[in-house]
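Each structure below is given as structure tokens.
Shared between the two complexes below is subunit A, which pairs with subunit B and subunit C, respectively.
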Partner chain A sequence: MRLSRRKFIQTVGVLSGGLLCMPSCTRSFPEYRVFSSGEAVCLTALCEQIIPADHDPGATDAGVIHFIDKLLHERFPHLLPLYQQGIAALEASCSRLYGTRFASLPTARQIEVMQQMETDALPEEYWTGIKASAFFRQVIRNTMQGFYGPPRHGGNKNYVSYRMLKLDFPLVVGQNRYT
Partner chain B sequence: MKKKKKTVLTIACMLSVALLLTASYTAWNLADPAFTCARCHEIKDSHTSWQSSAHAAIACTDCHGTALSEGFYSLSEKTRMLLTHLTTDKRNDDLRLNEQQVLALAGRCAECHRAEQAGWLAGGHGTTYQDIFLDETHNRSEKPYADCLRCHGMFYEASISELMSLEGEASAFALRDTKQASQPVIPCLSCHQMHSPQDDTLKTAFYVRAEKDYLPSGQLSKIEMYDKGRPVQTADDANTRLCLQCHSPNAWHQAGSSDDRTPTGVHEGLACTACHAPHSNDASASCSQCHPALSNCGLDVKTMDTSYRNPESPNNIHHISCTSCHEQKQARDRRLSRQPVSLN
Partner chain C sequence: MKNKPVDAIVIGAGAGGGVVAKELAVNGFSVVVFERGGWPEYDEHINDELINQRVQELDSAFGPDWKKHPRVFAGKDGNRRILNAGDGSYNHVAACVGSGTVSYGAMGWRFMREDFRLKSTYGAVAGSTLEDWPISYEDLEPCYEKAEWEIGVSGDDTQNPFAPPRAKPQPMPPFEMNREARHLAQAARRLGLHPFPIPMLRNSVAYNGRAACIRNRTCCGYACPVNAKNGTHNTVIPLAMQTGNCEVRTHCMVAEILVNDQGLATGVRYFDERNKGQTLGARLVVVSGSATETARLLLNSKSKLFPAGAGNNNDWVGRNLQGHAYTGASGLFDFDILDLSGPGACMALCDYNHHNEGIIGGGLLANEFYTLPYAFSQNRPAGEMRWGLGHKNYQRENFYRLGRLVGPIQEIPVFESRVTVDASVKDYWGIPVAVLSGDRHPLDAPHCDFLGSKAEEILKEAGALRTWQHGGGRGGPSGGQHQAGTCRMGNDAQTSVVNRYGQLHEIDNLFVADGSLIVTNGGFNPVLTIMALGYWVGDYIVRTFKK
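Moving on, here comes the complex of A and B:
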């Protein structure tokens, strides 16, 4: 293919202009890697009921939702269907029973729903393929990991659980050679 | 004639391309980072923290360099960054500087902070991998292990066994990569977080290697110290807490154990920076700040061997007490013989 002089100069102009435009990534970037914003709202409310904030920070303050989001994206993507189906079933159950979403329920009602989830007592038609109790146990496990685990994995933001437990962190221990 | 014209045209085109690329890239590096670096979602949080930091007036490229500042290395590095951006879903909290970037950045710190760099080089913290990890005397008493990297080589990206071979006698230990030998083990970023808020008057933070993140010195917890079971009064300033992260006592927090230098005796309660200059750690001029004005015995303290390095010295500056010179009985007799002070 022969490139005419005019075409060549046009291409060079476009390419060098493109260099300036290269960073102009204008698309908005989602806050979560694997969850939709609706799923994140539901899961955040669920985690916050597992470790609620009182005089100490709770799961939301510790960024547990970001920990789970990162965990499912990077390490355990096979758990994603369980989460997505579990959240959808939970929302559908709440909608059928109380006419609203889980996150919008008052605290006492949320706890009631969670007790039903733990004992597989929520409407069965929404929990096909997964068990409510299995989903509940998985959320508890990951919430605990996100709240109490090392911050490098995305949770325990600002070392909130270490501070709550008054852990000596970073651990201050010198060498052994002099002792 | 036609061939010559074609050659001239080709050269002119190549020059035009080179000129355009140079102009574009220069414009890119000089532009407001809000329109360049921070257009990538991974960088946005760093850009936000930089805007409120003490270095807000300094361009990204002044510290982080450009694609051309380190030759082929930086060109390939920036290309890899672009590929990572395009092919993976990384967020700001996934980004970390590697050791080479940390050391390159430290070199650029020195362009403005010359006095601090000179002090750091002259002091103990300007030490290198060779000084620390090939110290045969030390290695005979304790074999290097993972926790050494907590304070020496915090940014080293592999394990101690990947850093050095530890087979055989201490004299046979060697760094696997000889280029590592002259690299500093405690660079600027060990104690300074570049994007920390401008209103943070402390200007220091501890780089927690295990978390690959910083804890501002003000958020480090106070360490309780003991001297044979007696609680030791310690300075509660944040920089002393920072020093203690590496100049650490044993697991029982005994003052003076392991690498700890917590003062007991007449200097109990003093902060590290009351005597030591922050970058050189030099304390030689500090005695005259208090002595002889605060001296109770009229001795010229500058004539005393106060070095903790000399194990024979009875006047170790960190632990010297009245009874280092005076017998306990003499001190008690002197105290008892004092006349009550008249209030008139």
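Moving on, here comes the complex of A and C:
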């Protein structure tokens, strides 16, 4: 039997539509590889304060959270406990001090908390077995990698930092081809 | 049969080993070169700022594998840490055919006459094994020339009044200076200094069948996309292979040099590309694994006459480990001083190599290779924000406005700065790993401060609004890309490992040809000297082991 092009597309449409309705395909995929959605909200807010958006994009626009998520899943799983403990301790500290989560604090307050984290000045009882400053240094380092590193690792989405710094891409000077 | 004995085994296909293999192969020796890495392929490590030879945040682009090649760092407080190649204390060099010559910045310096006679020039130094080389600049001069012409150097020594005498000019004209270099050179001249274009192992014009440099901003730390950077992987090693006498066996890890009861090397035991144990016999063995791995291999090669490792009956193998503290200064300008015309470094001056009051050796100063956005984000003067809007503003304002002058300081060798082996920590193949221990000499820090202050003077004269020095020369042990010194050459068998030809004092058919031979590491990037030593050792082997 010979199918017309139109008939073929209709048939395929029906078949694939049927497939899409199967139960295993309707479940939503988790958005992150290693982080819970709560952890991701906290870390996103933290990264965004490390490289905030202004007239140029910030860490969130660059996909830094996904860069870190992928990095901890694929390359450096040994860093995951540091992140999980650090995020938990940060949330516990904010809850105790301000009665809310880090991501819900106003910008000025977030910066204040980060300065305390940098100098190990947050309530000690939540930072057992982990130094706040060490956690913060690690997040800064990975945020910078995700924002300024090459897009092939999942960060620097749409070449945001290369555009910001007017860095020609690809390599040849004067030959901008971002898209 | 695969493992038919050969005339010569060369272990390590880097700057030294590649040259020796070529010298032997073209003179009719059958040669097998063992390399623990593979052939470098540009497409496997494209210009990735997080994975290259200078910034190894996510991996080492040119090897070694982080999981298979651990080392131990032994601090003076008794604290021992197991390291992978991404750790700064690991003192990593590339593991691939060509090794560092694939990804280096490619400065092609000759050492100065004084660099071979440091003790005669400056006298003995307390707490140091400072010594003269057993060979002179004049001995090595023809070998430097061979390296410059066969591997390829662009430069013009006539512009450097401190350059040692040479029989023949460099084969290619020097590179044009970029904006930063022109600006800093003018300032240096106003101060009465003598700036000139850096000699580079890179093609300023098409040379030896390969193209001219296209001046990428990513050069130092990366493989060249147009093959205009000259290493052993694209010059002497292919030449060796073309003779039909040389086989390069990649992904092979040599575990031990076999030494018989008469005290002669008979071959090596190694693990092949499938990790299967093998032995290969040879008339002679040349070790070119870099200062750390060469020492480790000799120490792991125990035999009846050498129970503490090959050539180590006087406990000198692995000692005097040295490298270069890189120091200098940075300055922020109120205009875009960088034009990203690669690789960055193209102007140098040698006014601070030798004959400076109170300084032993000194070092060159050159403008620096470009850093890309991530590395730039990690570099801040004191008091600047490392995050937040302050960080972002600094990136935007200063990415093209940071001028730098840096250089390698002559390090003062220390006997206790050393490579040993630890039988309790093994690599992937079960071979005991290298342990790095010891400190730098206390003079390294003031020497760095001297060079840094001179760099700062030039930046200020050039109009930098804000300047700061880099310091350096503290802690240890030193090593890094420029690692050297662990199999010292000397005339006295009691206080050196090899003789003036790189031949072990006590094992006539075992040679070393890499940075390990270096007695004192100069105030220069050492690669051209390592290549020249390759020719020097290779020539001696050809003359004495003629078939």
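Here is the rule we go by: the second predicted complex is superposed on the first by the 148 of 179 C-alpha atoms of A that agree within 3 Å, B and C clash if a C-alpha of one lies under 4 Å from a C-alpha of the other, contacts with A are read in each partner's own complex, and residues count from 1 in each chain.
As a convention for this text, contacts are C-beta pairs under 8 Å (C-beta built on N, C-alpha and C of every residue); 3 or more make two chains touch, one makes a residue touch a chain.
Here the structure is a predicted model, which means the values were calculated and not measured.
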Partner chain(s) touched by A:D56 [first = subunit B, second = subunit C, both, neither]
second
Regarding the shared-chain residue A:T44, is it in contact with subunit B (first), subunit C (second), both, or neither?
neither
Where does A:G154 make contact in the superposed view: on subunit B (first), on subunit C (second), on both, or on neither?
first
In the superposed arrangement, which partner chain does A:I111 touch: subunit B (first), subunit C (second), both, or neither?
second
Where does A:H73 make contact in the superposed view: on subunit B (first), on subunit C (second), on both, or on neither?
first
Looking at the overlay, does A:R33 come into contact with subunit B only (first), subunit C only (second), both, or neither?
first
One more residue to check, A:S93. First (subunit B), second (subunit C), both or neither?
neither
Intersection of subunit A interface sets (partners subunit B, subunit C)
150, 152, 168, 172-173
In the complex of these two chains, what residues of subunit A are touching subunit B?
5, 8-9, 12-13, 16-17, 19-20, 23-26, 29, 33, 73, 150-152, 154, 159, 168-170, 172-179
Counting only contacts in the complex, subunit A reaches subunit C at residues 49-52, 54, 56, 71, 75, 111, 114, 140-141, 143-145, 148-150, 152-153, 161-162, 164-165, 167-168, 171-173
What part of subunit C is in contact with subunit A in the complex they form?
47-50, 57-59, 214-218, 225, 340-341, 372-374, 376-378, 386-389, 391-392, 395-396, 399
Give every residue of subunit B touching subunit A within the complex, in rising order.
9, 13, 16-17, 20-21, 23-25, 27-28, 35-37, 39-41, 89, 91, 93, 138, 141-142, 147, 150, 206, 208, 210-213, 215, 220-221, 223, 244-245, 247-251, 253, 257-260
